[in-house]
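Residue numbering begins at 1 within each chain, and the chains themselves are lettered A, B, C and D in the order written.
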Amino acid sequence: MPEFEPRIVAFVCNWCTYAGADLTGTSRIKYSPNVEVIRFPCTGRIDFMLLLKAFAEGADGIIISGCHPNDCHYTSGNFHARRRWILFRGLLDFMGIDVERVQFSWVSAAEGAKWADVVNTTVEAVRKLGPYENFRKIDRAGAV
Amino acid sequence: MSRIGVFICHCGENIGATVDCEKVAAAAAKIPGVVHSVDYKYMCSDPGQNMIKEAIREKNLTGVVVGACSPRMHEPTFRRACEEAGLNPFLCEMANIREHCSWVHEKGDPTTEKAIDLVRVIVEKVRRNKPLVPIKVPVTKTALVLGGGIAGIQAALDIANAGHKVIMVERSPSIGGHMSQLSETFPTLDCSQCILTPRMVEVARHANITLHTYSEIESIEGFIGNFKVKIRKKARSIDMKACTGCGLCSQKCPTRKIPSEFDAGLGTRPAIYVPFPQAVPNKPVIDRLNCTYYLKGKCRLCEKVCPTQAIRFDQEDEIVEADIGAVVLATGFEIKHGDFFPEYGFGKFKDVIDGMQFERLASASGPTLGEIRRPSDGKKPETVVFIACAGSRDPAKGIEYCSKICCMYTAKHAMLYRHKVHGGNAYIFYMDIRAGGKMYEEFVRRAIEEDGVKYVRGRVSRVYEREGKLIVQGADTLLGAQPVEIEADMVVLATAAVANDGAEELAQKMHVSYDAHKFFAEAHPKLKPVETNTAGIFLAGACQAPKDIPESVAQASGAASKVGALFSQDELTREPVIAVVNRSAPPLYSTCVGCFLCQAACPYQAIEREEIRTRDGKLIKTVAKVNPGLCQGCGTCVAVCRTKAIDLQGFSNEQVFAEVMALLDRSEPDAGI
Amino acid sequence: MKLGFYPGCSLEGSSREYNESVMAVAAGAGIELEPVPDWNCCGATAAHNMNRELGLSLPARILAKAEAAGMKEIVVPCAACYSRLKVTRHELLEDEELRRRISAIIEYDLRCEPEIINVLQFLDSRVMPAIEGRIKSPFDRRVACYYGCLLVRPHKILKFDRLEDPRSMDEIIRRIGGDPIDWAFKTECCGAGLSVSKTELVGRLSGRILEDARIRGAEAVIVACPMCHSNLDLRRGAIEKAMNRKYDMPAIFITQAVGLAMGIDPAKLGLNRHMVPVKFRERPAGKVPAGPESPAAAGEV
Amino acid sequence: MDELRKKARALLEAGEVRVVIGYGGGTGDRARAIFVREPERADELIFDGRCRQNLAIYLTRREVKELGKPAIVATLPALKTVLQLAGEFQIAEGGLVVLAPGADGSLIEFKTFADIEKYLAGAASPIDPAEQAEMDRVRAMSPDERWKYWLGQISRCIKCYACRQACPMCYCPRCTVECNQPQWIPVPSHELGNLEWNVMRAMHLAGRCVDCGDCSRACPVGIPLYLLNRVLIGDIESNFHQRAGMKAEVDYALSTFHPDDRENFIR
C-alpha cells in the first residue's frame, strides 16, 4: 500500500512568506510537493472561513504564514491576524477540530530555508496524523 | 462564458526539467472555459509574448493565465503584453510553477500534478477577475524633510537643487544635528564644523527651502503625492524678523548655569541662548523652563537690553499647514544615557563620560577649548580607559545590534587624547574591531601603531571609585581571560546608538513601520533601503539604523533622488488593489450595517463614513466607504467585515473562495459537467 | 494575613538564625507563614547541572504541594531556593510540552499558580507596610547591602530589581533608619558553592567584598542569602588569611536588621548564632557616622 | 414594579418616549415582550424572575425604530447590549431611555451611556452553575470526545436560524449565510453546513457577544450555544483583557491589537 500523501493548503501573505517561498526556489532548497500555496496580500486578509472550507474540501493540513510581528508590509495586518488565530484556534480546539493540523508561522522574505522547514515538518506531522477522517466522514448529503 | 488562455512556460530547463509542461498544458485545456492552452520554451521572450497577444486577438480571450515564474518576477511583463493586445491587464494572472514547484521538487508525477493544481487554481481565479482601472493621483511637488542634521541637510539641498520646493522641520533651535557637536571626523581628522557649516548656511539661504526650526510635526494625513502636514512652531519668544542676532540678550541673561545641550551637559548656557556660535538660524530662543521671568514673573532683562525690541514673552505656538508630496525622515539618533550602566557608574562618577561628551572636550569650541580635562576637577587625566560596546551587542541589556560607529570614533578619541595629552595612557576595551570602510582599518592601525593606544580585547565588568581613582575591572581574553584592573582618571563609554526620543510616536504618526529598537524600517533590507513601506515616505541617515557621516550623506542623496523621480511626474499611477464597500439596490443600499468595526482595523485610516440620503436629504443609513487614495489593499477590513460588505479588488472573496475550492478538487474537470 | 512558606534545607540547618529572624519578623508584623506541606529539596545547587528533568521536577513538586494546598504565594527566603523555584516556574509556563512531561513525573497536573516571593519582596510589600511608624529602635547603622548573585540573576526570568546595581535592600535599610553605603560590590561573587572545595578562593573573593565595605566605613554587611552569609561569616579565617588583615565587621541577615529595628530580642533573631560576634559600636542613639573612616581608625576597633 | 409602571406612564405622558419596550404577561407562566405606546397601558408592564429575554434586540428592529424614541426595560445583559450597540454606532446617546428595575422593586434610570458603564463596572455577572458544569465537562474531554460531542449537537441543528433571530447582536440586514457569491455556508442542513454555520456564528459574535443566553434558549433542539460564546469570551478576556458590552465605544477584540499579544502556536 502506498504511503499516505497528505494534502496541505498554505495561505500566505504576498510580501513575506510568498517572497520567502520564492527565495526557497531561487536557492533550490527542496521540499515536499504536498503543499500548495494560495497568495493573499496580507495575513490580515485571510478569512477564518477559508480554513474550514479547506478542510471541508479535503485538506489534511493547513499552513498559515505571514510576516513576523513588526515586519508587516501593511504595518499591522499580521497583528490582527494573530488575534484572529488565537481566538479561532481556541474555538476549533474546543469543538474537537484537530488544531494540530493547522500550522501557523512567520516566514520572512529572507527565510527561504525556514519555509522549506515549515513545509516539511508540517507534511511529516500531518502524515503521522493520517488523513483527516473526521472531516472526510462528516455528512454533507442533505437534510436530516 | 469565460474564454481563458493558458500559457505554460518551460523557462528553458528551469521548469521543463522537472515539470512535464506539455502535460500541464493538456490538462489545463480540459478545464471548462479554457479555450486555448499551449506550452513554450520562454514565455517571457518576445516570441512568447507575441503568442499571448495573438491568442488574445484571435481567440478573443477574456482572461490569461501564464504558468511560469513568480508573479513577483514577470507579472508586469505579461500584464503589459495583455494590455498591448487590448485585454485589461488585471485579467492576467500568473501561476508560480517555477519558484514554488519546479525548483523545489524532484522530477516526477507529483511535481507535474502540483503544477496542474497551481494552474487550475489561477484559472479559477482569473475566471472571476474583473477589469480594473489603475488609480491616478496628482503629485504636489513639495518635499518635507524632517530633521536638520547632516542627512536632512543633504537631502534638502539635493531636492532643492533639483528645482523642487522643500520644507525642513527641525526640533531644536538650530539645524546641524550631532555632526555640529563633533570635534574631528574619522578617518581624516578634519574639523567637523568646518565641513558642515557651509551646508547649514546654504540651507538657510536656498530659495527653494523653507526652514522651520524649534518646530515639530503635529499631524500628517494623506498619501503619496498628497500629504497634508501640520507643523507646530514652538514659541521661541523672539520676533525673528526684528532680531539681528547681536547676542546682547544672552550676554546679559542672569540665569547662566543651565547645562548646555550642545556641550552634552559639560558646559553651561543662559536661559536665552543660541545653541552654538555657528547656529542656523543664528537667533536666540528663550528656554521657558529655566527663564526667571517665566518661573517667577519678573526679570525681563533681555527685553530691556534688546536694541531692536525683538523679545516676545507672550508669543504662542503657531501651527503651520502645508501640502506636500513626499517626506524624507532624517530624524537621526541618540546615544544611550542615564543609569543604563549602573555597573559603569555613569551618572554617579563625574569622570565617567560618554562619547559625545568626549567630543565636546576635544572640540576647540567646547567647554575646555579643546583641552582634555576631566569634568570633576579639571585635571588632565593621565590614564583614560575607553569602553567600546557600552550597551551595544549586549542582549542582556536589550540591545543586540552593533552600533557601528563606535569602533571608529573610539579609535579617534584615543588618538585625539594621545595627541593632546602627551605621555597619557589610552586603553580601549573592545569585543571586535569593526573597521569596514574606506581608510577605516588603516585609521585604527594608526591609532595602535603610531599613537600607542593600548587595545585590550575583553569586557569591563565594573567601574568603581576608590581613593580618587576609577578602578576599571575587566578581563583580557587574549591572555586567557585574565582579570585586568586599571586605575584610570577618566572613563569614556562608547554608549549604544539608539533611536531618537519620540521615534515610535513619530513612526506611528507617519504610519511607517519601525523595528524592535524603534529604528524606522526600510521597505526592503537590500533593494529598497531608502523607501519605507508607506509610499512617498523615505528614510535618510541614522533614524533607520546607526550610521556614520558618509553613509548618512549617501542615503540622503538616495532618498532625494527617489523624491526627484516621484516629482518628475504630474500624476501617479497606483495599482487598483484596494478595498471597496458594496452598494446595492434599495432598500438595502449596501450590505454594510455601519458598525464601523473595520475602522479600527485599517492601518491607513482609509475607512470613512458615508451618509446615504434620499433626494430630499433624509438620512437613510450611514455606511463605510474606503478612500481609494489611502487604501493600500491589505484586506484586513475584508476579513473583519462579517456581512462581507467590503471586498478587495484583485483578491475578492469570490476569487479566493474559488481558489480554495479548485485547489483541492482534482476530479476530472469534465466529469461534473 | 497568611502566606505560604518554603524554608529549604539551609534555614533548618546552617542558617537557623535566618529562619528564626524571618519567623520573628513575620510574627511581629502579624503575618502567618505556613510551610509548604511535605516539602522537599529544591535541587540547589547540583541537580540542574546534572539532570534537567530532576532539576525541574524537584522544585515542581514543591510548587505542586503548595498549589494543592491552595497557596497563592510562597515566601522563599533562601536565594538559591528562590532562584530554583522561580526558574522552574518560568520554564514550565513557557513550554507547555515540558510542563506536561514534568507533571507526569511528579504525578500532579501542575498549573504553576503560586507566585514565588523572595525575602526582599516579602519585607517590602508585606512587612514594611505593617510596621511603618512602629520602628522602635531605628537601625541607625552604616551598612553595606550585599545582594549576591541569585536574587537578581538571571534577570530575564526573575525580573527583580536592577541587574547590575540593585536597590531594594538599600531601600529597606533606609526605611528602618539605616544608612546604606554606595558601593560597587553588591552583586560581586562571594565564591558561593566553592566554600568547601576551594576555600582559599572564597577567602579571596569574599575578602574583596569585605575590604571594599570596610574602606567605605560599613559597620556590617547585610545579606539575604544563606550561602553568602556562610561565606562572609563562617569563612572569616580564610578571608583574613587572603587579605592579610583582621575584619570584625559582622555579616547579618536583612531580616535580623529589620527585627532589631522592630525591637525584637536579639536572641530571638538568632544573632547569637553567628561566628563573627554581632557587636556594634556604642554611640549616642540616632547618630550615624557621616562618611567613610580612615583605614587606620577602622582597623583598631 | 409600581416604580416601573409609574415611570413608563410618565415618560409616555410627557411624550419623552413613544414606546416602552418591556415585559408583559404571556401565555401560561411566561413573560413576553410588549410594546407599550399608550400611558394607560403602562400597568401591563411586569418585572419578575420570568423576564429573561434581552429586550435590547428590538432596538435595531426596523418596525420598532419606526415607532419613535423608545424606553427599554433592561436586564443586566440588555444593559451590556445597549453599550455594545452604541459602540457599533447602532444607537446614539439620547436616542433612548434605559430603565433597569431591581428585584426589590427599585428602578434605575440611566441618563447616559457613561452611567451604564459605571454601573456595569461594579456589577457581577453570575454564571449558571449547571451551564458551568457542562462547560467543565466538555473542557475535560479529549479532543476526540469533544468532536463527537459537537458532531452530536450540530447534527441535530435544523438550520432554522432561531439563534440568529434571537440574538441582539445579529442585526445585519443581510447575513453572510444569505450570501451566495460565494456560497460561504451550504444551504442544506447537513452536518458540514451546520458545523460551518455554528462556527461562523460564534466567530461573528466573538468580541461582541454579551452572553445573554437568548440564542441557547431560542434553539428548538437545545444546542448549548452558550458554550461556544463563552469559550471566546473567556479567551478574549484572558488574552486581550477586553469584554464586550462594557464600553459605549469601539473596543473590538478583532479590530484592535497589541504588539505584545501572546500566543504559543506560531513558529
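The working rule: a residue touches a chain if its C-beta (ideal position, glycine included) is under 8 Å from a C-beta of that chain, and two chains touch if they have at least 3 such contacts.
Bear in mind that the values here come from a model prediction, so they are computed numbers and not experimental data.
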Higher-contact pair (C-beta pairs counted), B-D versus A-B: A-B
Per-chain CA centroid nearest to the all-protein CA mean: B
Distance from the mean Cα position of subunit D to that of subunit B, given in whole angstrom: 46
Centroid spacing, where centroids are CA-atom means, of subunit C and subunit D in whole angstrom: 54
Inter-chain centre distance, subunit A versus subunit B - centres from mean C-alpha coordinates, in Å: 31
For subunit B paired with subunit C, centre-to-centre distance based on mean C-alpha positions, whole Å: 48
Overlap residues in subunit A, where contacts from two or more other chains coincide: 48, 70, 76, 80, 84
Residue numbers of subunit B (touch at least two other chains): 601, 640, 653, 657
Overlap residues in subunit C, where contacts from two or more other chains coincide: none
All chain pairs that touch each other: A-B, A-D, B-C, B-D
Interface residues, subunit D side, partner subunit A - complex: 138-139, 141, 143-151, 155-156, 158, 184, 186, 188-193, 195-196, 199-200, 202-203, 206-207, 227-228, 231-232, 235-236, 239-240, 253-259, 261, 263, 265-267
Contact set on subunit B toward subunit A in their complex: 70-72, 96, 98-101, 103-106, 110-111, 113-114, 117-118, 121, 511, 513-516, 521, 524-525, 533, 577, 601, 603-604, 632-636, 638-640, 648, 650-651, 653, 656-657, 659-661, 663-665
Touch list for subunit A against partner subunit D, complex: 48-49, 52, 56, 69-70, 76, 79-80, 82-99, 103-106, 118, 134, 138-144
Residue ranges of subunit D in contact with subunit B within the complex: 88-90, 171-176, 179, 181-182, 184, 204, 250, 252, 254-256
Contact set on subunit B toward subunit C in their complex: 339, 341-343, 345, 348, 396, 462-464, 466, 471
